[in-house]
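Presented below is the structure to which this report refers.
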Amino acid sequence: MNNLPSDLIETVQNALQEDIGSGDITAQLIPTENWAKAQIISREPAIICGIPWVDEVFRQLDEQVTLSWQVQEGEHVQADQILLYLTGPARPLLTGERTALNFLQLLSGTATQTNHYVQKLKGTSTQLLDTRKTLPGLRRAQKYAVHCGGGSNHRLGLYDAFLIKENHIMAAGSLSQAVTQARLLAPHLPVEVEVETLTQITEALAVQVDSLLLDNFTLPQLRQAVELVQKRAKLEASGGVNLNTVRTIAETGVDFISIGAITKHVQAIDLSMRILPD
Amino acid sequence: MNNLPSDLIETVQNALQEDIGSGDITAQLIPTENWAKAQIISREPAIICGIPWVDEVFRQLDEQVTLSWQVQEGEHVQADQILLYLTGPARPLLTGERTALNFLQLLSGTATQTNHYVQKLKGTSTQLLDTRKTLPGLRRAQKYAVHCGGGSNHRLGLYDAFLIKENHIMAAGSLSQAVTQARLLAPHLPVEVEVETLTQITEALAVQVDSLLLDNFTLPQLRQAVELVQKRAKLEASGGVNLNTVRTIAETGVDFISIGAITKHVQAIDLSMRILPD
Amino acid sequence: MNNLPSDLIETVQNALQEDIGSGDITAQLIPTENWAKAQIISREPAIICGIPWVDEVFRQLDEQVTLSWQVQEGEHVQADQILLYLTGPARPLLTGERTALNFLQLLSGTATQTNHYVQKLKGTSTQLLDTRKTLPGLRRAQKYAVHCGGGSNHRLGLYDAFLIKENHIMAAGSLSQAVTQARLLAPHLPVEVEVETLTQITEALAVQVDSLLLDNFTLPQLRQAVELVQKRAKLEASGGVNLNTVRTIAETGVDFISIGAITKHVQAIDLSMRILPD
Amino acid sequence: MNNLPSDLIETVQNALQEDIGSGDITAQLIPTENWAKAQIISREPAIICGIPWVDEVFRQLDEQVTLSWQVQEGEHVQADQILLYLTGPARPLLTGERTALNFLQLLSGTATQTNHYVQKLKGTSTQLLDTRKTLPGLRRAQKYAVHCGGGSNHRLGLYDAFLIKENHIMAAGSLSQAVTQARLLAPHLPVEVEVETLTQITEALAVQVDSLLLDNFTLPQLRQAVELVQKRAKLEASGGVNLNTVRTIAETGVDFISIGAITKHVQAIDLSMRILPD
Amino acid sequence: MNNLPSDLIETVQNALQEDIGSGDITAQLIPTENWAKAQIISREPAIICGIPWVDEVFRQLDEQVTLSWQVQEGEHVQADQILLYLTGPARPLLTGERTALNFLQLLSGTATQTNHYVQKLKGTSTQLLDTRKTLPGLRRAQKYAVHCGGGSNHRLGLYDAFLIKENHIMAAGSLSQAVTQARLLAPHLPVEVEVETLTQITEALAVQVDSLLLDNFTLPQLRQAVELVQKRAKLEASGGVNLNTVRTIAETGVDFISIGAITKHVQAIDLSMRILPD
Amino acid sequence: MNNLPSDLIETVQNALQEDIGSGDITAQLIPTENWAKAQIISREPAIICGIPWVDEVFRQLDEQVTLSWQVQEGEHVQADQILLYLTGPARPLLTGERTALNFLQLLSGTATQTNHYVQKLKGTSTQLLDTRKTLPGLRRAQKYAVHCGGGSNHRLGLYDAFLIKENHIMAAGSLSQAVTQARLLAPHLPVEVEVETLTQITEALAVQVDSLLLDNFTLPQLRQAVELVQKRAKLEASGGVNLNTVRTIAETGVDFISIGAITKHVQAIDLSMRILPD
C-alpha cells in the first residue's frame, strides 16, 4: 500500500458493496466447488492502469483466486492483447468481474488519454499537469492514473499548495500582499498565482512566487510571458488545450500545461473478461 | 433523503475530504467576515442533474450559505444560462466551488448523454436502460442521473435481479434448469436470460422468463426475435449501440436498449462559478 | 464473500467492537501460550445457519484458530448434536465465544422458524416470503437466514421493487395511473400493488402488474381472487398467518404467503460452547 | 445524545441505508409537495421504548417532519393507544415508516418482556439483569430497552467487569489466585466468579469477590448459598429462569437473576402507522 | 485482537491514512524490488509498549515485512538498546517508519511515565490509577499503556462506573439519595462518590458506596479519612500528585492515587529506525 | 469547515464514542429538564486553541447548548481567565465536559509550546516548522494548533513534498539523480534533500532543490552552509533544538528550524469547567 493511495482498500470495498449488496444471486446457480479459468483482454490499444485495484477486488472476494498478469502497470498494449489470467472458484470470478473491469477500464482510460497528450509533448520540455476537476471520491485513483500515463500531478487538493486567484488578491488588498501573507501562513508550500496581465507577472516575480497560472492566454501572450519571466518562476498554461493545440502551446516555452479534460471526461477502455474452456 | 440514494451524504463527505484535507489554505487569505455572492452558469446546453449533491456540499461546509436555484432537476438549459445564485461567507463559497461543480458536471453530463439517446427514441415504445458499467463508488448517483435524463434503470447490482449468462447455464445443466433453480431461489426477483439463438429463445419462453438479453444480434435477428416472442417476454438489445444506430435498433420492436457508454464514458458539462461584484 | 451479504465483514466488526471494547480483561488471566480445543453443540433441534459469520468472527480475532465444522449451512440437526470443533489459542476462543454464538443462535433461529412454515407448505406450490420487518442493521443477514430455512426473499428494501399502496394510489390519481407511472420510472423493476377489492384486482390486471398483495383477505376472498386472476399475476397473501393457518391459506392457491413474524420475532436456538479437556 | 448510546446515530444510518439503498422508488409516485399527517398506534399492550431512535430516523430523512409524542419513554400503553402524531412531507413519512417501526417494535418488545419479569419480582429485593446474549450490533440499544422495562444492566461487554469461569480458574491455578490476579490487573473493576460448589463460595468470599454467579443451582442450593454468604457478596442466579420460576428463585434471597431470554429472543410489539385523512 | 483494544486496527488505519494520503512519493525513488533490513533502537531508558500497533502498521502496509522483536511488551530497556529488526521490501519499511514510531514513542512514553510513579509506590499497597484526561481517539491505547507501565485503569468512560460529584448530589437531593438512585439504575456497576468533608464520608459509608474520591485533601485530611473509613470503602486520592508527593500521599493509607498527568501530558520516548547495510 | 481540517467532525465523533459508550450513567441522576450555566477557565497562561472542536462536541451532543466564547482562537490568556460560558440542559453540559476539555487542553498545549519557541525567534527571519512526529489520528488537529501558536507547517505527510534522505539517494544512484527523478515524478511538488556535507550541498544546488535539511549540524557548520547557499535554496536546521538553543541556531541565518518536540511531547494546559450557581 506504500506508494499507492491510502484509500485503495476502502474504494474497492465501496465498489463491491454497491454491486453485491445482499449477495450475487445469479452466482448461486453455480456449485460452490466449481473451479474456472478466465482471461481479461483489451479490445483496443491502451495504456494499462489499475492492476492493484483489480488485485484488491479479488483479494477481498476470495483469496483463493490467483491472478497472473501478462502486462505491467503503465504498459502500452494492442487491441485483443491478453492482460490477465485468473484461476479460482467460479463464483467469485464471476462476482468480481464487473467491479474489476470498472476500475481497470476507468483508470486505463485516464492513463491512455493522458498519454495521447504526453506523446504530443515529446521533445519539448513542457510537462502535462492534471487538475482538481476529478470524479468525486476517485481523485487519488485518477491522479495515480495520470501518472501512469506519463503526466504529472498538480496539487492534490486545497491543502497542499496555494493557488491565488482574483478573489483572494482582492481580499488581501494586492497581489504582493496576498503572496506575502501566504508565505507567512505556510512557508513550506508552493505558491502559484493566476495572473491576467504582464504587469501582474512583474508584480508576482517581485515577490518570488513559485509559479504563475496563465489561463486563456493567446499564443503571443504566452510567448511574451515566457520572455518576461526568464525562468524566474514556472509557467503553467491552461484553457483552450486540446490534442491539436497542445504542442503549439508547449512550443511557446511554458513549463506546464494543465488539462481538466483528462480527468473530468472519461473514455473508458473497452475490456472484456472471458471464461476459458477447461 | 427519501427518494435520493442513501449514500448521498457519505459520497459528498468523501469528496470534500479528498479536496480539503487539512484545510483550504488559500481561503485563509480571505477575512472570515467577508461575504460574497456567486453564480453558477452552464457554458453549453445540458440537462441539469445533481442539485441535491450541490445543496449537500454547502450544507456540510457552512449552513450560512444559501442557494437560490434558477432551474429544476432534469431541466434542459441553454449555453450561458444561469443555474444558481449562492450567497454566504466568501470562504466556504470558494472552498466548496470545485466539489460542487465536480458533482454537477458529472451528473449533468450523464443525464445529457442519456437524453441524446432518449431523444432518438421518441415516438417508439423502446426504453433506454443503463448497465452495471459505472464509475466505482458512484453507481447510485449515476443511475439517478440516467433517470434524470429520461432513461430507465436496469438492475442496480448483482443482488436485485437474475441475469443468467452462458456460464450459469452450463453450470446448471441447461437454460431451463437454470431458470427453474432461479425461481426457487428468489421467486420474487426478475429473471433475465442472455440468449444467443432462436432455439434458446424458445426454450426460455417455455419456462416463462421475464426478459431476454440479445447481445450483438443483427437487425434481422432482432426482428426475428421480436416476431417469435410476441410480447411473451421483454426483449433487451445490447451491443453496437450508438447515436446513429439506436433508432434503427429500436424500430425492430425490442422493448429495451441497454447502453454501457452513458455511464462508463463521461462527457462532463462545462460549468463555471463566478463571484459577483457587490 | 460473493453470494454472501456484502456487509458481513462489517457486521462482524461491529459485533466484536461492542463486546470487546477496550479489551477482554478476564482473558488476561489465561497465559498467552495456552492452547485449547472446544466444541459448539446445539441443545435443541434446529436448521443451522450462520457458519460464515462464525468463521469471520475467529478470522478477525486470531487467524490461528481453526474451525472444523461437523454440519453444513442449512442442515437440520438434532438436540445435543456437535456442530463445530475449534482449536487454537485459548484466549481468542473464549473472547469470540459469545459473539460467534450470538450470530449462530439468531440466524439459526430465523432459519428454523422459517422452516417450520416451509414444512407446512410441502406439497403445495405456495412459497413463503419474508418482509421488511427485520432487525435494524441485520436485514441482509436475516434474509440470508430465511433462504437457509427454505423461504424466499421478498424485496430487499424500498429500492428494488415497487409496492404500491393506498396512499400512492391516491396521490397518483388512480391505481392504473400509479402503475403506468411506475413502469415509466423503472421499467425493469417488479410492480406489486396492494389491493382491497375484486374491482381493484381487475383494474390492476388491466395494466399488467407483476403481483398483487392481498392483505387480511378472508379465505373465501382469497379463493375468489385466485379464480379471478387466473395466473395473470402472482398473488401474495399476508395477515393472520400462523403455523395453524398457513396451510389452509396456501390451499386457496395463492402463489406467496408473506410473514413478518419470521424476522421481527426471534426465537434464538439454544447453543453452547464447551472447552474440551486435553 | 448524552445518556443515550453513542452509537444511536450510526445505528439509524445503517438501518436507513439497508432499507433505502438507491432510493425509495414507490415514493416517487407521490408529488414532492404533498403533505401528510400520520399516527402510530400500538395494537397490543406494551412498555414503549425507542422514542429517540424514531426521532433520529425522521431527523435524518427530512427535518421538516415534526413528531408529537403522546406517550413517554418507558410508559405502559394499552392496545390501540395512539403513540405518536407525525406531520410533514408525505414522501419521507412513507419512506421512514418501516425503519422507525422496526426500531420501536424491537425495543418496546424487549422492554415489555423485561417488564413481565420485573412485575413478578415486585415486593422482593431481587433485581433482574440482562446478559451478553444480544442481537449483534444492537447490544447498546437492547440494554437501554432492558432499562426502560425496569431491568438492570449486567456488564456491557468483556471490558467492564471480570466474570471468572472455570477455564480462567484452571489457567490461573486456583479460584483465589484468579481473583488476586484480576484485582491486580484492574483494581477498579467488579469481579464476579462463577462457582459450582459451596466450597468454592467459601474460597471466593475469602478473597472478597464482588459477586458470585450461581448457574443452574437448585432452589435448596440457592438457599444454602444465600445463608452461607450472608450479604458478603452479591449473588446472581441464572439458568432455568422463566416467568413461572422467577419469583420462587427470587424468594431464595439472591440479589440478581440474569436472563438471556429477554435479549436473545425477541417478541416484537405489533405497531402500525396510518396516514390520516386531511 | 482478544485482549487488545477493539479499535486497534482502525486506529492504525487512520494513522496510515493521514500520513500516506495519495501515496508516499519519495518512496518511488526506490526500485520496487529493493529489499532492506532495519532496526529500531531506543535512545533512552524506557518501558516499551505498543508492539501490537507496530505489527499492525506493517501488516497493513505489506505482509512481506517480517518483524523480529528483541524485547517484550512492558519490558524495561536501556539507552541504545535494539528493540526490533525488520526485514522486507525497502519501500514499505520506509513508508511505515514514522507511523510505527509515532505509536511506539507515545505508548512507551505513557508506560514509562506511569512506571516512574509505580516505582515510587513500591512497598505500599496503594495503586496508581489513570483518569479520563486522555488524548481524543487514543483513550483505549493509552489505558493499555498505563497497564503496561504497572498502573491500573480507572473507569473507561462515562458508561462503566458511577462517579457522583457535587452537581449530581445537588440534583438528586442528597448524597445518599444519589447513591440509592444509582444502585437502582445499574446495580452491577461500581459507585464512587467525590466527597469534600468527613461528614460526607460518613453519609457515603452509610449507603455503602464502593469508593470515595478525595480530591485535593491535605495529608492530615487523608489520614483522617483512612482512619474513619476503616476499609469499608476504597479511597482514591487525587490532586497535587507529582513524583515528589506521590509516596507521602500513598503512606496515608489510601487505596488509589489517580493522576491525570500520565495521560494528558506526553513525554514521547526518543526512538529511531536505522536501515542496516547489507 | 472550510479552512479547518476535514476530519474535525469525525475526530469529535470518535472522542465522544470512546467516552460515552452505552451512555453517561451518572448523568441520569440529573432530571432531564434541569438547566445549567457553566464556565471554562484556564488555570495557567496559555495560547488558546481548539475552539471549533469544543463547539463541535456540544453541537453533536445537544444543539440546545449555547456557547459564549470570551476569547478568540489563538489569543494569549492569563491564569484564571474565563474562556467560555456555556448554557443549556445540565446533562449534556456534564457529559461533554471532559471530551471538550481534552481537545482544548491538548491543542492549547501544542499552541502554547509552539509559541514559546516562536517568541524566541522574534526579530529573526527564521520560521519554526513542525514535523511528522505527531499523535496518531491527530496530525491535522496538531498542525492546526502549531499554526495557532505562530508556527508554520512542514509537509503534511508522505504525499505532499519530497524529503530525500540517504537511503533514497543510494537507491537512485546519486543525489542529483534522485532529485532529477523526483522532478519528473511530480514537478509541482517541493523537493527537499537531507544533506550531511558541504559537498552534498553544492551537488544539491546544482540541481536546484527547493530546500535542504541540515540535521544535527554544529553552529559553525550551519553558518558555512548559509554562506555557501546564498539564498539559492531554503535551509532547514533540525536536531538539538530546545528553548535555550533555538535563537542561536536561528542567528546562523537558516530559514527554518523544525522541532519534533512541539507535537510529539504534550504539555496539556490546565483547564477546568465549573457549574455556576443560579
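When the chains are written out, they are named A, B, C, D, E and F in that same order, and each has its own residue count from 1.
As a convention for this text, a contact is a pair of C-beta atoms (placed from the backbone, for glycine too) under 8 Å apart; a residue touches a chain by one contact, two chains touch by 3 or more.
Being a predicted model, the structure only gives us computed values, none of them experimental.
Using the contact threshold fixed earlier, the set of chains in contact with both subunit D and subunit F is B, E.
For chain pairs C-D and B-D, the one joined by more C-beta pairs in contact is C-D. Judged by shared residue numbers over all numbers used at their interface, subunit B and subunit C contact each other through mostly the same positions, with over half in common. Each chain gets a centre from the mean of its Cα atoms; the one farthest from the centre of subunit D is A. In this entry, C-D is the pair from D-F, C-D or A-F that repeats the interface of A-B, since more than half of their contact pairs coincide by residue number. Subunit A and subunit E have CA centres that are 43 Å apart. Centre-to-centre separation of subunit C and subunit F, using mean CA positions: 51 Å.
Among the residues of subunit F, those in touch with two or more other chains are 7, 19-25, 27-28, 94-95, 139-140, 153, 156, 159-160, 185-186, 189.
Remark: the chains found to touch one another pair up as A-B, A-C, A-E, A-F, B-C, B-D, B-F, C-D, C-E, D-E, D-F, E-F. Partner subunit B is touched in their complex by these residues of subunit F: 1-7, 139-140, 143-144, 153, 156. The touching residues of subunit D, counted against subunit E in their complex, run 127, 129, 147, 152-156, 159-161, 184-190, 211, 234, 255-256.
Of all residues in subunit D, those touching subunit B in their complex are 16-17, 19-25, 27-28, 60-62, 91-92, 94-96.
Contact residues of subunit F toward subunit E in the complex are 7, 11-12, 14-15, 18-31, 34, 36, 90, 94-95, 98-99, 101-103, 105-106, 132-140, 156-160, 162-168, 171-172, 178, 181-182, 185-186, 189, 264-268, 275.
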